[in-house]
Every structure is written in C-alpha cells, then in structure tokens.
Amino acid sequence: MTKSYEEIPLTPISDTPSTINLTGYWRVMRPVVDKSKCKKCTICWKFCPDGVIKLVDGEPVIDLQYCKGCGVCSFECPAKCIIMVKEGDL
Amino acid sequence: MTKSYEEIPLTPISDTPSTINLTGYWRVMRPVVDKSKCKKCTICWKFCPDGVIKLVDGEPVIDLQYCKGCGVCSFECPAKCIIMVKEGDL
Amino acid sequence: MREVMTGNYASAYGAKLARAEVIAAYPITPQTSIVEKLADFVTTGELKAQFIPVESEHSAMAACIAAETAGARTYTATSSHGLTLMHEVLIWASGARLPIVMTNVSRAMAPPWSVWVDHMDSIAQRDTGWLQFFCQSNQEVLDTIIMAYKVCESSGIMLPAMVIMDAFIQSHTSEPVDLPDQELVDSFLPPYSPDLKIEVGKPMGFGSLVKPDQYMEFRYKAMLGMKAARDRVLRVEREFKSIFGREHGGLLERYECDDADVVLVAAGSVAATAKDVVDSMRAKGHRVGLARIRSFRPFPHDEIRALAGKVEGMAVLDRSYTFGAAGAMFTEARASAYSVQKRPVMKNYIAGLGGRDITPRILERIFEDIQVVSRRGAEDEVEWVDVAGLQRRWR
Amino acid sequence: MREVMTGNYASAYGAKLARAEVIAAYPITPQTSIVEKLADFVTTGELKAQFIPVESEHSAMAACIAAETAGARTYTATSSHGLTLMHEVLIWASGARLPIVMTNVSRAMAPPWSVWVDHMDSIAQRDTGWLQFFCQSNQEVLDTIIMAYKVCESSGIMLPAMVIMDAFIQSHTSEPVDLPDQELVDSFLPPYSPDLKIEVGKPMGFGSLVKPDQYMEFRYKAMLGMKAARDRVLRVEREFKSIFGREHGGLLERYECDDADVVLVAAGSVAATAKDVVDSMRAKGHRVGLARIRSFRPFPHDEIRALAGKVEGMAVLDRSYTFGAAGAMFTEARASAYSVQKRPVMKNYIAGLGGRDITPRILERIFEDIQVVSRRGAEDEVEWVDVAGLQRRWR
Amino acid sequence: MVVASEVLAKAAFKMGFEVSSFPFFGVERRGAPVTAYARIDEHPIRNKSSIYEPDYVVVLDSSLLRGIDILEGLKPSGKVLINYPAGKKLPDLPQRYKYFLIDATSIAAAHGIGSQTAPIVNTAIMGAFAKICDKVALEPVLESIREVAPVKEEENVAAAKEAYERTTEATP
Amino acid sequence: MVVASEVLAKAAFKMGFEVSSFPFFGVERRGAPVTAYARIDEHPIRNKSSIYEPDYVVVLDSSLLRGIDILEGLKPSGKVLINYPAGKKLPDLPQRYKYFLIDATSIAAAHGIGSQTAPIVNTAIMGAFAKICDKVALEPVLESIREVAPVKEEENVAAAKEAYERTTEATP
Amino acid sequence: MMGKPTIPEPEFTFPGSTGCPGCGANLVMRYLLKGLGERTILSIPACCWAVMPGYWPSNCLKVPLLYTAFEATGAAMSGLRAALDAKGIKDVTIVGFAGDGGTVDIGLQAMSGAAERRTDGIYVMYDNEAYMNTGIQRSGSTPWGAWTTTTPVGSTHGFKHEAKKDIMAIMQAHRIPYAATVSVAHPEDFIKKVVKAREVKGFRFIHAMSPCPPGWRMNPMHIVEVARLAVDTHAFPLYEIENGKVRITRKGKGTPVSEYLKFQGRFSHLTDAEIASIQKTIDENWQMLLAKETSGT
Amino acid sequence: MMGKPTIPEPEFTFPGSTGCPGCGANLVMRYLLKGLGERTILSIPACCWAVMPGYWPSNCLKVPLLYTAFEATGAAMSGLRAALDAKGIKDVTIVGFAGDGGTVDIGLQAMSGAAERRTDGIYVMYDNEAYMNTGIQRSGSTPWGAWTTTTPVGSTHGFKHEAKKDIMAIMQAHRIPYAATVSVAHPEDFIKKVVKAREVKGFRFIHAMSPCPPGWRMNPMHIVEVARLAVDTHAFPLYEIENGKVRITRKGKGTPVSEYLKFQGRFSHLTDAEIASIQKTIDENWQMLLAKETSGT
C-alpha cells in the first residue's frame, strides 16, 4: 500500500521487523521433526540460516510462518529426525 | 601564442619535443666542469636527472640551455671536478 | 531475421553486429544480461572481441577510453550507480574525442535503493558531452547502437554516444526484433580507423595539460563536433533506412503532430505507450500528438522550436526531476521555444520515478490536462503525477 | 576582525567558525590550501574536529555521508575531477537528506588537463539535488558556508549544499575578509541535531530498497525540501545581516537593474568584475545592469522571470558549455522567462573556459553586443567569446 | 515465471502474432514470488505499461491463492490457470471466471526438471496454457521451450506435453 | 612570488587600502617562472581579471629579462623594480620607464633565506618595493613579512630592511 | 547427545529476511551479531545483504544499519567512527559488512584506505565467490574453474581462468592487528574469532565463507556440509593473523577437493585434469600457509 | 677510473621537462625507458609526471603516452593491452606509470583489478612518498614521522602517525609473476630489473624510490645520496619477488637511519626517541624481509 508522502520519513528508514514478510509462502518442502527421535542436541537450531527454529525446553520448534524449507536442518540433524515433505502433502 | 581552433588537433596531442622549454633559465647555480680533473667516469652523465649531460669522447658536456642547476652531478662526481657557481658570477 | 528478444539482448546483438573489438563492463541490475550475452558471444567465438572483466564502472570507462585511443572500437553497458560512477571519465571520453558507444539501462538512483526505471542517471550526464539517444523499442536499441558508431566515428564528430533504454520495461521486455545480416551491417558500418591513434613509433602524448591561452579552442572544437552531429544523425538514419528499411524518427520523432493542438513531449518507453493513447484519443476526435525526444544530446532545438510554433499546448513529461529547477526535458524544451513568436503553453509533468508505472490512463489525463491548460494558462508549471497524498487522482 | 586572506582560507575559516565536527577531504589543485589550513587548525587544536585523510574524493563524500547520518556536522572541499568523482555519492547525499556542506573550487575538466577556472565541474552536478551557491568574493565564501549550514540543517530542508568559488581567481586571490566572532556565529548557528540519526539502541536501517509503489513519494519530499530552501535562503540571509551586518544578494543579486535596458546574467568571480563595468558604462550613460546568479540551485526562477519582464535584453554569460545544448545558465534562464508576456531578447555568451581571462573590456563588448541585439534580434543565440580563429575580436 | 512468459511470447510470435512479454522484477531471489506479463496482438505492441486487466491469469504457485488477490482486474470473460496439487480441493474463488487446474509441480518433478525440493514448473505450465488459450497452440509452445530451456530440453518438452493433456477445468 | 604579492597586499591593507592580490599559477614547480598580481585601491576591489596595464612591474628573476616581454602594458608613468646582480650592467630596456635595481638574491642568501642554491628573494624584494612604491611604507611590509614568513621571521625582516636601504635607481 | 547450545542464544536478526532458502550469508550475519551483540552499527553496501533486510520499511536486523554505495564500505566505517569520536562515544563497534565483489573488487580501495588510516572497526566480507545479487557474475574472489554467467563454459575458452584473489594476504600486507577466516560450518570458531576481533583496537578483517545455493548451483540443504568440506579439503582454511602472526585454527582432514566440488554445479564441467590442477593449487596454498604459520609471518 | 657507461646510452627523454631541479622522478623515467626501449606505450595518471612533459604541445618523452584520470592507471593498461590484442600486436610493452598516491591510494583498486585479471603489462610506481603535484600532502605511502602539509607539526599531534603502506607486500599477495624495488641510486640494478620485468608475461610491478627535493625539504644535489642511504639504512631495501620467491638484491650496510633522515627537512622535527622508533620499525621490517627471503615466500 502506497503511503502518502506526508506519512513517510525524509529518506527510507526501515524500522519494521521483517516478520511482516511471511517467507513461509516460499516453501516447496516442509521440515517435519520427529520428536520421538530428537536428541535435543540444538544442532538444527544452530544451523538454520533463517533462525526460525526456537528451542522450547531444548526441543526444536520450527516457525512455519517463516521457514523457507531449505532443508539444512534436515541434512544436519545427526539423528536424521527432520524429514522434508512436499508442501501440500501430509 | 594562442592558435586558431582550426590549427589544433581535436584533443591535445603533444608531439613537440620539450626542448622548446629552455629550462636553463630556471638555474640559480651553474655547474662548471673542471676538465683537467675529469676522469671520464660517466657518473655525472648517469645521474643527471634531466639528462642534459652529453658524453663527447667520454667527456661530459653540459647543455646549459636546459641544465636546471640541481647540482646532482657536482655532488656525485667522484673527482669533485664539477663545481656549482652562482649564475651571473664568473 | 525477426526474433523475440529482450532489450538487453538487442543491445548485445547491436554491439556484436557492430563488431565491437573491446568490451569492458561491470555488472549491475538490470544491465547484466547484456554483458552476460556478450561474454557468451565471446566465449563461443561468435564475436571476436577482447572482454575485460573490470572491477568497477569507473575502470570500465577508463579501459574503453584507453582501448579506443589505441584505435579499437569499444563498447560498454551500465546503469544508474554504474553510470554515475563513470561521471568523471564520461567527461574524459568526450574531451578526448573518442567515439565510444555505451548502453545505459536507465534506472533510479539511491537512496532509496531502487532497481527500476527513471531517467535521473542519464539526465545527470547531460553535461558530459555525450550524445544521448533514448529508445522506445528493442529494435531501436539495436539499430541505434549500430548507427551511433557510424555517427560518432566520423572525423568531424568524434564524440561518444549513450544509447538509453528503460530498466525492465525495455531491458527485460521481450518483443520481436529484426536481426540484420552481418554483411549488410558491415557494408553500412566500415571498420573504425581514426585519424590519430596511440601507437608505437609515434611518440605523442594524448591529453596534455593546456594553459588558459589555448584550452577554450579545444572546447570550441568539441562544440562544433556536437553541432555537426545533428545533421549526421539524420543523414546516417536516411542511409540506414535505405539499407535496412527502417527509421526511428531522427532527433525528434513526431507522431500525429501535423495538425495537433496539443502535443506530449516525452522520451523512452513511455513514448511508445503514448502512441496508443494518441490513437485512441484521436479516435475520439482530439487533435493530440506526440513528439518523442529521441536525441536528447544533441537536443532537437530547431525541431522543438518549429513544433512550438504550431501548437497551443505542450505537455512535457519528465521521468526524472532536477531539484531546484524542473524536469530537464521541460527546461530544455522551454529554452528552445523561448524565441518563438506565438509560444504554446508548456507544462511539465513529472511521472514514473523509481519505476512507477505510467499507464495509458495517466497519459490520457495528461493530454486532457494540457488541453485545458493550453486554453486557460498553467497555474503551476510543474506538476507531479500520481503522488500519494496529493489531491489530484491520475489513475 | 578584517584580515587579508585567500578564498581558500576564507573557506577553511568558514568551516571552522561553523564548528564542523568531521572533515574528510582529498587534495586537489586548487583546493589544497583549504584542507591544509583545516589540518593545521585541527593539529593546533584551534578546531575540535575529526580529520579523515581519505584515499579518494568518492570516499571523502561517502565518509561525510556516514558521519552526517550519525549526527555530526561535516565539511569537505574539492574541485573538478574530485567533484565529478563524487558524482554518484553526491546524488546519494541528497537522497539521504543530509545537510553536508562542501566547497567546490570550480576548475575545468580534462582532457585537456587544466587546473584553471571554469564551471563545467559544478554545472555537471546540477541534477544531483545539491544546493549550489556561486560566490564572488572571499567574504561571501566564508559567510555562505556558515549560512549554508543554517539553511540546510532545517528539518524542512535537509539537503546538502555546495559553495562554489573560481579556481585561482578566487581560491588564491587575497583580499580583506571580515572574520566574525565565534560567539556571534554560535548564536547564529546552533549545533546540528537532526530529528533522526543512526545510533546504537535504535535498530533502524538508513536508505533501504523501495519498490515502485513508494519511491516517488520520497523524491517528492526532496522536491519540497528544495522548494522550501528558496525562502529559507532569503530568511537566513536576513537574519545573518541583522547579526553580522552583511548580505550577499539572496538567490539573484541585482546590481543596477532597476532601470536597466539590458542586463548581464552571470555567476562567480566574473560578476564582481562586471560591477565595475556596469559602473563605468553607466557613467557613460548606458542603462546596463548585472543580475548575479548566486543560488544556481535552487534556481532563481521567480527573480529571473520578474527581471525578464522589465528589460529588453539579457546577456547570459556561461563559464561552461553543455555540448548539444547551450550554456546551462542560459538554458535555465530562458526556461524561467518562457512564460513572461513581453520577453527580452536573450543571448548566451560562452566565455572564460579553462581559465581564459574575462576582462572588463570583454564584458563591455558583451554589453554593447546585447544592446545591439536586443534591438535587432539575435542572429545566433549562443556566441563563443574570444576564441582564436573566429572573426570577431573581443579584447 | 520469466521463462514462462518468454516461452509464451515466442510461441505466439511463431504463430504470426506480435508479442511483448515482461517481468515485474527487481532483485531476483529464488523462492520469492514474481509476476510477469505478456501481450499478444495482431498489431505491433507499443503499450509498455503493466497489465491491469488481463484476459488470462496463470498462477504458478498455488500458495499465492492465500495471499495476494490474483484475480484483480481480470476481464469478465477471463480464464484462470492454476498450478494446483492434484486431488486437492480448490479454495473459494469467485464463480464468474473459468478455472483450469494442472499439477505442474508434480509433472515437473516427475520429469526431473529443477531439483526435488524446487521443481521448475515454467515449461509444464505453458503446455497447459496452450490448452486453454485461443491464441497459442501446443506445437509452437514446444518449439519455444526447445529454444529457451537452458538444459534438459526434451524433459521440458515432455512435461509441457503431459501438462497439455492433463489440464482440466474446475469449479470452485 | 606568491608570497611577495601577499606580503604586499597585507602591507597595503594595513595602511588602510583595499587590496587584492593573486598569482597566475598552475602546477607549482620550484624554479619555473610564475606571475602574480596585486591591486591596491581606496575602494573595494571587484575586478578579478589579470592586470594588463600595471603601474609597477617587479621582476624577481633577472633571467626573465632575456625571455618574456616583462614591460608589456606597463603604464607610461610606470616603475620597474628588478632583482639584479649588483654591479652587472643592465641590458637594453626602453628609456621611457624608471628602473630600480636591488640584488635581492645576494641579500637573501646573506641572510640565509632559502638554500644556497635557491635563495628565496620574496621578502627582500618587498623591502625594496616599499622604497619605490607611493602606496606602501616599509613598516607595514615588515609587519606583513612577520605574519607570512613560515620560518626565519627575523632574517626575512632584516633582509627586507637591507633591501629597502640598498635599492637604487638605474638607467639602462 | 542432549546439550546446551554451543553458541550464544540471543538472536539479533528477525525471521522474514528475503535471502534465498539456504542462504549462507544469512548464517554469517546470525553468527556475527551473536558475537558482537547490540552495541554495533553496521554499514552495508550494495550486495545480497542490502536486499535481505527487505523492502522498506522491513528490516531483519536488530542493530542499526547504514546502507552505503557499493564501493564505499571502508569510507563509511571511517565516517561513522569519526562521528562517534566527535561525540565522545567509545563503546560501539563499527562494522562494515560487504560481499566479496564489494570487497576485493570495487570496494578494495576504500577498505585499504580505512586500514591505512587505522579506522577502528571490523570489516566483514561474506564470500559467496561471485556477484550474486546481480545474478552470478564473476568477481575477483571467484575461484579458478568456476562457471559464472560472465565466465560461461563455451568453445573458445570457458569458466574462470584467473585465481581467486587472496584477500587475507592482502590484508595481512596492510599490517592490521587482526584478521581471520571463519566458516558457517564452524559457528563456535566463528563466534570466538568475532569476540576476539571485537576486543582489538584498529582495523580488523574477517573473511567469512558463505555458500550460496543458486550461485553455486547446489541444493540449499548442503550449505553447511559444503562449507565443512571447504575447510576439510583446505579449499578454505580456517586461520587467524594476530599482529602479523599466522595461526591455523583448524587443520582439516585434507579431504580431496573433488569431494567439495562435486556438490556444486558451478564446477560440474571440470575435467579430471582440471580438478587435479585445482587440487595442486590448493595443496600449494596449504603448504604456503603452513610455512607462514611456522615462520610466524 | 675512466670507463664506459654502465647503463645503456640511448635516451628516451628530451631535456626541457618541467620537473623541479633535482627531481628523482625524472631519473626514474630515464632509467625505466633505457631498460624498456622504444616499443613501449606509457599511461600516466595525474601526478607530477603528468605535468613534466610540459604544456601542450611540449612532450619530453620519445615513446607514446596516454594521459589518464588519476585513479585509472590499471584500467588504462588493460584497455591498451586489449586494443593491441584485438589488433594482433604482440611485441609492445604496456606500462602504467604513476605516483605513490595514484598507486597506493586512489589508484589501488584499478591496479589490483588489472593484476587480478592478469593484464600483460608493467606497473611502475615512482614513490616520492606524498602527493607532490598538489603540494606535498600525505599519501598512504608517506612514512611514519614525516611532515607534510596535511600532517603538519602542531600542538595536539603532528606529523604522520600511520605507517607507510607496504605496497610490495600487497602486490606479492596478488601473486603476480614479478615485482621489484628499484632506486635511482642504483641505476644498473634498476635497469637490470626493468629488462627482466620486460621479458615476463603477466602483470608486473616496479616500486621505484624517487626523492623529491621540495617535498622532502632537501637540497636537490643530494637526491642520489639520499636514495643511496635509503638502501643502505634498509629504509628502502632493494629486492625482487619472482613467482612468489623473495630475493634481496642488495643487502645494504645497515647504516643508522638517522643518516638518511638528516638530509631531509621533512623529518627535522623528530626527537631522538622518535628516530629510535623509526629505527626499530626499519629493523623489524628488514628482519621480516630476510625471513621472507629465507622461507622463499
């Protein structure tokens, strides 16, 4: 939505968290964590390029609003407990 | 002398030897070679920044039209046979 | 052979058909596919040229300057920040009287960062001594590159030329383009052979220091070169037409101007759209026309003046704005028409900055506005079109 | 206190009195003594400022941009090739709305290499969004730097300004200059405190990417800033006068214009010489005047128009030439006067390029020529003055 | 996307039409949604503005159905082609348009076009479009694909063919 | 040279005159001849062009007498001051002007100003000029020298004083 | 295996950046800011990272950011530092964050100038080995043998024929107090070096290997693996240079470079002989690095 | 003592250049062209040497010369070479000839680019250790401790406080095939290296020490002596780097640096402690150079 020239600053100063961009829409594949196998090693959290994995009691919770489905977590998980499934499937 | 626009090239291309600049006028001190002491070692020739020393039968001849009187030849001469004298003197 | 291709590819083909010998370029959106295509041509051997992968646009132009001084036909392409980074050496190229040809994909300047079209980058080079051709179609881009070499390499001219197209709207738009045969192009455009070039055995210094007693005469000669370019553009285009059967309108393309009451003056892709609008408005009985500034440098001084003598209103659309003045096309058109006895009302419309779309609807409204204003007189000589927050609606 | 000093020193004192906090500069003839003097001030502790010895002018401006964004008052100085190398980032500075103040010692561009005055370098920046003030005396240089900060740092304006003087003729000419007291300057010019600056704790991004749907509104705002600058220049000068007792003529200084038949329009040092010529010609009974373009950006649109309504001939002297068009001052003056009902004859005189001296005699001849031409009509709208090889003698 | 519109333009051109196709695009990012336009006409195309009232809308990524209003400006007689997972129910969409579905993602993946995580559906979707569009036929589309595809020409052609066959009309 | 004209301007300014002084100079090279101008007037000086018809000509380097026409434009009433080796015969010069000679080089050298090979004569010559010029006196010249000289203030002042004393008129 | 995170937990980036899926540069920024913390001001020139915060007014960073012209990062650092100095602000880390093209090519001069004048700040170059933001053109940092769009693989020649600029050696030659290479495959080492760099005064340089799926023509899920292989094969050794002293921080396994190359489509055209020649260069460079470590320079 | 000239006799410069009396840069050009000969094309950016040929139409050089913008020497070399390549001309040496400021500061990037793309040419930097053409401002090549007009000696600080950029090390880091330092005090060594450089293909670099009487505030007659002392004191060691291998071509006597400094007014303000610290740096650098020679890198 175009803002009136009166509503904008003199020069584009960005102060709105990028959480306005729901990059989850980009996803073609979706990571699914098999919690039963998870060792809570935090490696997936560490390597997620977009930092969209939260650790809740040491356990990874993926924010699918933003996860772009790159699959890094899946590949790096030592327990192989994150699988990538096609969006729309399952 | 300003040349007519018709007489000059499209862009300033310099093709006239700089010998048109009689830099000898700049001189305050003048190098004078004491030929009797000269060893014909060519060192003065070698080090003259302006290349105005010619070797004539191995002997240095200074072109005073251009010599700027820097004194390098005088200082470098191993035989100390070039002395700098004030222009106008002698 | 007619093929569908983008403006960028048309540009690359233009350079290839002109047999550019040295290409030095640096990537920038949205120019990149020109350079990529040329790199491809060189790699496959389709084009025999030296490709210099420079580390900046300043160096791109500096390398072209050096290569051209050594007698090679050179080409480069850039956009926005790249073009403005060349600024110093653009002035150099014209002062050195080198007929380098360059494509500029006109794009807005930062900040705000933007990769979309506007003409600020090109306009800001208006004082650099380059010929500047604004194109409206991919065909014109290709043809103009070839013609530009022919115009500029003439010994009476020897100035560089910039072929300009709009970011994305042209650079990335695919449309049919006729690719002329290489032999025909070769017959039209002979190899580059300047009167003087830097070469071993001729100990000359190119570009020396000149004192106040002589500098001005060199500038005067450059002025004469640019002046001669006016005629030569027209002559070369006539010759081009005789060989290739196409023309693009000389310095100022006039579309339905003969009996027009009001005309739109514009450059670049928007002029193409405006032709549709002229047709549709004429169909509704409005006597409107379009005057497209094809050559911004040399400026179509006489043509604008002649046109101004015949119409009641001139709407000048600028896709850039000069702060503290007005749109550059507007300023220069006004200056040209100054001495016309019965001058038309002239009004400046600033539109389409930073990629803002200029729709047929907007153009129609501009025509409507100039119709009104040419009767009533302009209240405000410069109006910004389609700015959010202003009263007036344009879409 | 009145002291004899060069234009360059006046410039350095201006920056010092304005309490510039960050100075980033790169040497170039004939600007060097500005920077040397400032380096001296900083070394002796007379000026508390950070001096950044950058490795190029592009970096000088980029460093100023960064420092100014962080809330520091910045200053730089340059000339010709240095200025044109900054081109890209000049546009940046205005887009970022940063009230940087810079001195440009206007010098010709290469090739031919020349270190002497002409205005091509400054004129080629006319589209960059900077305010541009051409000065005629060293006093004006000093005063204008101080005023420029006050004009530009206003929250409604926030644009950069270039204070221009002529190479050698001003930069190296010594003349008496009144050095105002620091306390008075401080009372006139408060410390810089922008509404928003980059600072830790406020995670904002300065200068982001903006899509076509919003870019134009930012440009519109910059236009408003430049527009507001017109009034503010006048207001600030009035205030300056009330404190320091001096003024320099607003946007367009008019000298003996009230009853003039013909006027000379010019900028820079030549305007000072022209005042002598006006006096001497008036003494001989000629009704001539001088209109000095002090602010080229914003252009004195209304002032030129008003003047054009009153005179019969306007001789516009340009110390630069735009190839493919005409002198820039001429073009813009014509554009401004376009809609004046009874327009004067306007003629462009291109003079003094690359340091060519413009003597009182030449100015007199220009006056004589415009007197003739304003009766008879101009044959050639642009005439080059004092070019060797042309028929006409000017000296 | 850009490739799709280019294929379309080339195909129509082969059939004797004048064409013009262009992306709205800025800084390309794999994954981020982009838009492209194409115009096809008997007469040379001069209009360079975006298309606000299309005859056809082609949606390459069904997730967009949740986001933007993809039907904005579509002419009353307009047709919509959507790359949609086979078997999945179509969401609520205005009844006044004709909808066509094709599971181009699966087809592309099956033909090994792009990667498994990111199959490239450009060519398949153009096969489908040939089916629903009055102006372009399958053959020129396939020909254009051959010209445009940087790699795996035949796979792309096969995908387009299959898509042509499997395109079906649907009512939301 | 530049320094000389600056000293002159400052001195005249101290005496209540308006002044303007400027070098014609480009790329400075030690040794190469340069020209500088100064204007002194009761009224503020606005004319910024070079001086073509001077009242005074000061020649810092006598070798120039052989080269350029140093007297070009000099007003009929004009005076010429030349830095000239003491005792040497003056070359042919037009009789219509008044000539003054001073061996500023020797004086500067004697006071250790500049190097032995390249003594700097700026300040000495200004002392001499104070003698022949109607508008400036010695005191303000010395004062200005004190302000302008980067080093060796007193040596410069002494040189100027000595030059003032030893300036003599000569006829060619 | 359950464990505490091995790197600091606070995040200084928001989700929603517009980087590609699997963008290594996203990880570089994440780790960098974890090491630097909040009292940091970034300056970013044109590059992928100038786009990744999103279109105005979106911003994925929790520290202030100055966008600058492409070639100006070093100058911007000096300007920011000077302004803070003028204001007496001492405890802020100034960071220039640029791509490889913006560093080794068009930004080299401004960076070199900042280093020469000893600007107090950290320059971070994330190295995806080409101009990615404009669509994969060669840069001075593109390795020998790589395909890019301006080094296409064709008949007369093809792929890049010039070696990757050794920017670490260039910065070492600038005699800066601290320089280090870091990799997204080794976040602990990465952050340790960042923290160390933060405590040094003067101009510091960090060279971060940053895999790029589209640019390297690879599957995004492999980025960490590829970065790991770069270290293990010595294609991208991890080391630091403190006051001129070289120290290798991870010797790597010396895995054959083909392991590293095979993940990346940009190298897929290479013949065995060409791969062998890459191996040879890598071995030589590694020996040279070992020699530097030994000689302490 | 009578002898034949130890350097080639043909001159490729005319008298009448506008360089100052005793200009070291004049000697640099003289020796360079003696080594290169006639089939040479020079490119010279803004610097003293852009002025020394004289005002148009004067020219003191007997080889073709392209004046270029200050920052563009490297690019001009690439352009010239490309044009010759396009024309099939192979036997011409392309030379970029620039001052220190035009090399280590504003021209660094273009030079680095030319080196990276392996432009076939010789880059010669004549080092007078400041911006002389504009009147003695500091450059990145000005040594620590020197007075210049922008590093004036004043109360708060004074003289230059940053070290001289080690441009040879920077060029070594570019892995060019040949780099060498030369001095006007050793014309035989100078010309030998130039001849050697001429035979190498690729980008070559020559760093020529070039005393400047006005800029160094010294008596013009001492320029050769001062250059000699620079070598003897190790302030400016003579060495070459062939394919990465360092070789010192003249060990010098290790004369105390004060001997070198004392001729130059630009150092006259230095205290004994400051001179000692210069000595220390020089010794360290010398040790480092010896180590490089030993380790062969």
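The chains carry the letters A, B, C, D, E, F, G and H, assigned in the order they are written, with residues numbered from 1 in each.
Just so it is clear, a residue touches a chain if its C-beta (ideal position, glycine included) is under 8 Å from a C-beta of that chain, and two chains touch if they have at least 3 such contacts.
These numbers come from a predicted model, not from an experiment.
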Per the definition of touch at the top, where is the C-beta contact count highest among chain pairs?
C-D
Please identify which chain has its centre, taken as the mean of its CA atoms, farthest from the centre of chain E.
F
So the centre of each chain is just the mean of its C-alpha atoms; given that, what is the distance between chain C and chain H in Å?
43
Could you tell me the distance, in whole angstrom, between the mean C-alpha positions of chain C and chain F?
56
Which integer distance in Å separates the CA centroid of chain B from that of chain H?
23
Which chain D residues reach two or more other chains?
29, 53, 55-56, 58, 81, 85, 88, 92, 95-96, 110-113, 116, 202-211, 213-214, 217-218, 220, 222, 225, 357, 387-389
Specify, in ascending order, the residues of chain E that touch 2 or more different other chains.
26-27, 31-32, 117-118
For chain A, residues that touch 2 or more chains besides their own
2-5, 11-15, 22-23, 26-27, 68-69, 71, 84
Enumerate the contact residues on chain H facing chain B in the complex.
1-7, 9, 11, 13-24, 26-27, 30, 53-54, 56-60, 65, 184, 187, 213, 219-225
Give every residue of chain D touching chain G within the complex, in rising order.
21-22, 24, 48-50, 52-56, 58-60, 62-72, 74, 88-89, 92, 198-211, 214
Chain A to chain C touching residues, read off their complex:
2-7, 11-12
Chain A residues touching chain D in their complex are 1-5, 8-15
Would you tell me which residues of chain D are touching chain C in their complex?
58, 81, 84-85, 87-88, 91-92, 94-96, 108-114, 116, 120, 123-124, 126-129, 131-132, 159, 206-220, 222-223, 225-226, 229, 296-299, 301, 320-326, 328, 330-332, 334-335, 337-339, 343, 345-346, 352-357, 378, 381, 384, 386-389
